[in-house]
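Common to both upcoming complexes is subunit A, partnered first by subunit B, then by subunit C.
On to the complex of A and B.
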C-alpha cells in the first residue's frame, strides 16, 4: 500500500513538472525595455543542428559553425537576396582592364570588438596566413597572387593570369581575422579561439558546447538600419534531431530554425497560427555520380540509359515531397544565363531499353537483370550517407526506376565519413547519391567539380576538350568567350554523363511571428540567419 | 517420478499458466502471419501514387499509407516475417556460440573456463548497442540477415553462462562420476546428461533473446543502419521519423510500435509460462 501511495505521488510530481515545463515555454517573453513603437530589445533563440566544429574562422568550414562565425567575422562580399555577390565591408572592387590588378577599399567606420579599427593589414595578414598554412581550399585562389597595402584602407592584388571571379570567390568565402590578435597566436591551425574578438553585428559572450551559444549585439553596427542591431541577444541552441527542433519551435523554446525543416513539418506549421514558413532555393543540386573506373559503367550507353530511366518529377515528389526543381542540364536552373539548350536525355523508358538492347545487353540468365556481353549482371551498388533522408528516399525511387530498364540498384547507406573515404581515397564505389553544395560563380566553379585533376572529380572524368573549355572560362574576360566555352563544356559533359543531375532542393525555414524583419538569402548556408538578415530582425510588441 | 508423469505435470502447469498461454497464442498467431503473409497482403516496394501519400487508416488502407504512398498494413504484415527471421537467426547463432563455450568451460574447466568465461564477461560488459552500430558500419552491407547475424553475435553470453552452470552442477554429482568410471563416452555424457538438463533454462533464455533481438533490430533500423529496402518494423518507424510527419501521421508510427509490443510481450509471456511450468517449486504452488 505504501509503495502504491509513493508511486501515485511520484506520478503526480511528474505530471505537475511537465505542465510547469510546458507553460514556462510560452510565458518566457521578456517585457520590452523601450517604449511602444521602439524596435529595440528582445532575445532571438535559433535552433541549429550541431555545435560548430571549431570557433577558428580560418579553419572552420562546417555549416553549423558558419552560422555563428558569419555573425562575428566579416567576409568582404556577401550574397544578396537574388544570389548575386555584393560588396559587404568594402566598396565596389576595381578590376583593371587586363584583369590582372584587383583593388579593394574598406568602407569607413568598422572597428574590431576591442576598439581597433579594421585596416588593410588585417586583410593582408588573413590572406597571407591562409596561403602560408594552406588552409581550407581558399588558399588555392591565392596561388601566384601578390598583394600589398596601398594605404590604411586599400589593398591591391596582382594576379599572374586573369581570374575574373578572384575577388568574388575569395571575398565571399574567406572571413577576415584581426591581425593584431592573431599575429600573437602560436599555431593558427590548432588555435581554438575560445574568446573570439570579431567584427560584426554580434559578439560571442558565453557558450556551453551542446547547450547554447549566446551572442550579444554590439553597440555600433553601421549596416543595421538604425546603427545597431535591434535584438539584444541571439542564442543558438543545438538540436541534433530536426523533429525535436520543430517541436522546440512549436513550444516556444526557439523562435527560428537555422536548418531547413522537413516538408511535412513545414506544411504543418504553415497551417498553424503564430508561425511563418519561408522558402528559398539551394544553390547546389542533388545528383547521382558514376565511378568511371568501373568497367561496366565505362559504357556511355549504360550511363545514358540510366539517365533516361530517371523520372525526375517522381524523385522530387517522393524524395522531397514535391519541393524541388528538376535539373534539365548540368547547370542549376537557378542560374538562368547558363541555360543554353544543352539538355540531359529526357525521361524515356522505352528508349532506354532500346538503347541497351542495341548495345548488346540482354537478360541471358532470366533473372530480370540485363547481362553485359561478358555475362556480368548490370547490378550496381549505390552508396549514400545514412543521415540524409532525401538521399535514402531517392535511392528507393531510383531502385524502382532502374528496375524498369533491367538494371539492378542495391542501396548501401553508410556513415558519411565512410562514404567520403570511398569517394576521395579508396575509389571503391560504383554509384553514389550526393549533393553538390553551393555552386557560386558557375563559370569558374564547374572546374572545381569536373576538371580532370580536380579533387572533387571523384567520378574520374577526363575529357581534354572540356578541360580546355573550363580553363578558358575561368580566365575569360568577355562574356562571349565565357558563353562559347560554357557551350562546349556542357555539350561534352552531357555526351559523356559522368554525373546525372536530378533536382534542386527548395528549402523551408520557419520562424515565430513574435519576430519580424527577416530577409531570406539563397541556400541553407545563408537562409534567414545571414548577418544581413539578423542585423535588422526585431521583436514584435 | 516417471518421465511421462513429469512431462504431463509440466504441460498441465503450463496450460494453467494464464500469461504463458496468452504468450503461446500470441507467438502462434505471429508465426501464422509470417508463414501466410503472401495470402494476407500484397508485398509493396518502391513508391506508390503521390496522391496516396500519408493517408490515414481507411477501408482501403487499414493502417493508412506511408510517405512513399505505400500501404502500411502490408508492410506491418511482411515485417512480421523479417522480425521472426531476425529472431531465429539470432537465436541460432547465440546457441551455436553460447552452448559450446558454456560446455567447454563447465565440463573441462581450467584454461577453457578462464578463456570462455573471460570472453563471456567481456561480451556482457561491452555496451551492446554502440558496438552493434560500429559493427553494422564496418560490415557495410546491411541486409536484414547481416543485422540478425550481428545481434546473434552479441546474444550468446547468457546462453554460455546457463550452459556452464548446468554443466558445473551436474559434473559435481555422483552419478556422473559413476558414469565416468564406467567408461561412458564424453560425448554421451555431454549430450545425454548435461545438454538435456540445460535445455530448459536455455529454451527460456532463447525466447527472451527472440524478444530482445527484435527490439535491437528496431533500434538498428531506426538509426538508419538497417536494409533500406527491407520491410521491418524498425525500418517503418525509422521512415516515420525521417518523414518529418511524426507529429501528424500518428498511424505511421503507431502500428509498427504495436506490432513490436505484441511480439516482445508474447515471447516474454511464453518464456514466463515455460519457466514457471518447469520450475518444480513454482508449479507445485
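On to the complex of A and C.
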C-alpha cells in the first residue's frame, strides 16, 4: 500500500511537471560563439523585480518594462552619465533661430531586426500614432506640430510656438517602432507585441513570463565600441523579493542587480570578494508637502518654523541608514547647474520656537502643543503610503522633531491608492510624505510640479510671480532668461514653502566582478542597465 | 446520493454567485477610485477619461455589473490594467505552477501529517507526542518569508544544493533534465509550505484519534483479539479521518495565503506571486479574476470533501 502511494505520488509529480513543461518555451542552449577579439562572449544574468507590464513599447509604462524595452526599441535621445540629454540614434538636432523649426536627422547604419533600414517614416508613424491615440502623456508636446519627412533620414517639425525642450521631451520619452510592422496592427493600444522586432544592441529571442527574458546580441550595433555588443546574451530574471535577489547574486544565479538593493545588503557585498557596489543618486527626492487649503497651514510662519525644525541629517541616518544627500533648496543636487543659492531655512530649533512665539502661537491649554490665536492646536495628520518603510521611518523622526517646537504630527499610514486619491481628488489631507522630482529638463518642467494649475501641485500653491517665471522658462530661448526666471521662481517658492524637500536617496547597485565595462547612468530608471552601459559590458576571462 | 449531490451543487452555485457579486462590489467600492493608480500623473484629463472608457469604468454600476456577469460566463475576466492583456490568459500562465506546488504540498503533508497525528494521539502524553506537537505548533506560528529565506540561505546559498528561486533553469533541455530541474526548484518551496500546513493535519488527526480510541467499537475490536496495529491503523484511523478530510478541503483557501508569500520569496511564477504583484500595482482586474477563480476552487473542493466524508462515514446521510 505504502509503495503504491509513493509511486502514485511520483507519477503525479512527473505528469504535472510535464504538463507545466508543455507550456514553456523551447530551449535554446547554443554553444557560446567564440570569435575574434578578446572580450566577446558570455551571458549576463540580471536580477529585476518584476516582469515588464507589457512588451508593447508604445503603451508600456513601468520601470521593469523600460529596462527591457529600452534595449530593443530606441529613443532619439538618451541621458548621459551626468543626466544631460544627448542624441542617441540621431545627429545633434537643429533648431531654427525663431525656435519654430526643429530638424532631426537619423544617424547612418541602423536597421530594424528584420533587416529593414530605419527611416524617417518610422519616426513620423510613431509620433502620429502617439498623438492620434494619446498613448502617453508626451503626446501633448505634439499639439499644433506639423511634421514632414524631408528625405529618408530627415524629419522636420514645425511648431506653432517656441518650445525649446520639444525635441528633448519627445526624443527622450518616446520609443520608436517600425512603421512597416506596426501600421498593420489592428489596435495599437491592446497589441501585446509577443514577438518584438526592434532596433537596439539586443533582440528578445525567448521569454517565459514570471521567469526569464533572454535577449541575444545583434550582429551589428554601431554604437558599441567594436561594432557589436561583447556579450552573447543578456537574461533578465524577476525576483519580487529583493533579499532573494541579493542571495541570487551572491550564489551566482545572477550577475547584476537592475534594481537598487537595500543599504545593509550593499555594505555586506562591499566587503565580500568578487562583487562591486556602485552608487548613484535618485532623480526624485523625499519631501513633506503641505496642503495650503488648510487654514492653520496657511500661515507661512508655521510652515517656515516646520522647515527650520527638521534636522535632515537625522532623517537620513534613521530613515535611510545614512545613504542620502540633504536637499538644500528646491532643486535636487543632481541638477547642480540650477542650484543658485536660494536655500531652505536652515535647522534652528530655537529660531523656529521664537518665530512661532512672535506670531502669537502659545500653549494656552498646557497640553504641550501650541495653540493658534483662535485656540486650535497646531496638530496635523501626516499621510503616507503604508508600503514605503522609509516614509514610515521618516514620519517617526519628523514627529519627534516637530514636537520639539510644540507642533504635533500624527502619522497616518494608508493604502497608496487612497493616499493618491486624497492628494489628487478629494484634497482631504494636511501633510504628506512622498517622493517626487523633476526627471528631466528642469527649467521647463518645474511647472509640472509647481504651476498653479498642474495636477501634481497637490498643495494648491498659487503664486502669480512664480507662474509667470515658469511660463517664461518654458519658452525661453536664451540661458540668461532661463536663469533669471529660475532665480525668481526659487525665491518665491522658498519664501512661500508649500513643500519642504528633505533628502535625495543614494541608490546602491551590485555586480559580479566576472563582468566589467559598466557605465552608471542617473537613478534607478537607468542605472547600470541603460543600453549605453550594456552595449559595452564584457565578461572578464 | 443523487439528491444530496444536487443539493450541494445548488448551494455551491448560490455561494459562487454571492462571492462574485461581493468581489465585484469590493473592487469598485474601495475608498479610492480603482483607476487612481492606473493614471500616470502626467496624463491629461482627456486621456484619463479615455482610459476609463477603455476599461468600461465610465458606465453606471448596474450596467457594469451586467456586462461583468455576461463576460464572466463567456470566460472573459477583463483586461489587466497594467499588462493590457486578458486576465484569463495571465491566470492560465500562472495556474499550472501553483497547482503543481499545492498538489505536491497537499500530498506530502497528508502523507506525513496523518501518521504523525495518529501516532501522537495513540501515544498521548508521551515525550514523542510533545515533540510532534511542538514541531507542528512551531510550523504554524512561523513567519513564512523568514522560513523560506532561511531555507534559501542554507540550502541554496551556503550548501548550493538547490537553486535560489525560479521554477526552472532558462534554456534547460526538454524531457528528463527538465523534469529533474523542475523538481529541484520545487523542493524548498514545498518544504516551506509543508512545514506551514503540517499542524493542521497532525492536530486534527491527533484530536480525533484520541476521541475514537475511547469508543466502544475499539474496545470490541481489541476484545476480538485483533492486533493492536490493526485496531489503530485500520479501525480507528478510518473513522478519525473525517475531520482531517474536511480540513483538507477547507485548507485550499488558506493555502493561497501561504502561496502568496512563498512564491514571492522563491520567485516562483504562480498565482500567489501574481496576486502579490497585482496588489502592489493596484491591478484590480487581476485581483478580481484571481478571487473569482479561488472562490470557484474552494467551492468545488468543499463539494468534493462533502462527498468524500459521506463516503467515509455512512452516517452522514445523504438527504
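The rule is simple: the second predicted complex is superposed on the first by the 503 of 541 C-alpha atoms of A that agree within 3 Å, B and C clash if a C-alpha of one lies under 4 Å from a C-alpha of the other, contacts with A are read in each partner's own complex, and residues count from 1 in each chain.
To be clear about the criterion, a residue touches a chain if its C-beta (ideal position, glycine included) is under 8 Å from a C-beta of that chain, and two chains touch if they have at least 3 such contacts.
Just so it is clear, the structure is predicted and the values come from calculations on it, not from any experiment.
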Which superposed partner A:235 touches (first subunit B, second subunit C, both, neither): second
First (subunit B), second (subunit C), both or neither touched by A:462: neither
Partner chain in contact with A:448 - subunit B first, subunit C second, else both or neither: second
Subunit B versus subunit C as contact partner of A:387, first or second or both or neither: both
Which of subunit B and subunit C A:411 touches, first, second, both or neither: first
If touched residues of subunit A are counted for subunit B and for subunit C, the larger one: C
Contacts of A:491 with subunit B and subunit C, given as first, second, both or neither: neither
Partner chain in contact with A:293 - subunit B first, subunit C second, else both or neither: neither
Subunit B versus subunit C as contact partner of A:247, first or second or both or neither: both
Which superposed partner A:396 touches (first subunit B, second subunit C, both, neither): first
Shared subunit A surface residues [contacts with subunit B and with subunit C]: 243, 247, 387, 415, 418
Complex interface listing, subunit B residues touching subunit A: 45-47, 50, 53-54, 67-69, 137, 140-142, 224-225, 228-229, 241-249
Subunit C contact footprint on subunit A (complex, rising order): 5, 9, 12-14, 16-21, 23-24, 26-29, 50-51, 53-54, 56, 59, 61-62, 134, 136-137, 139-140, 189-190, 192, 206, 208-212, 214, 235, 237-241, 243-244, 247-248, 250-251, 253, 387, 415-418, 420-421, 424-425, 448, 455-456
Subunit B-facing residues of subunit A, complex: 242-243, 246-247, 261-265, 268, 314, 317-318, 321-322, 386-387, 389, 392-393, 395-397, 399-400, 403, 411-415, 418
Contact set on subunit C toward subunit A in their complex: 30-34, 36-37, 40-44, 46-47, 50, 54, 79, 82-85, 93-94, 96-97, 99-100, 103-104, 107-108, 111, 145, 149, 152-153, 156-157, 160, 163-168, 170-174, 178-179, 182-183, 264-267, 269-270, 273-274, 276-277, 280-282
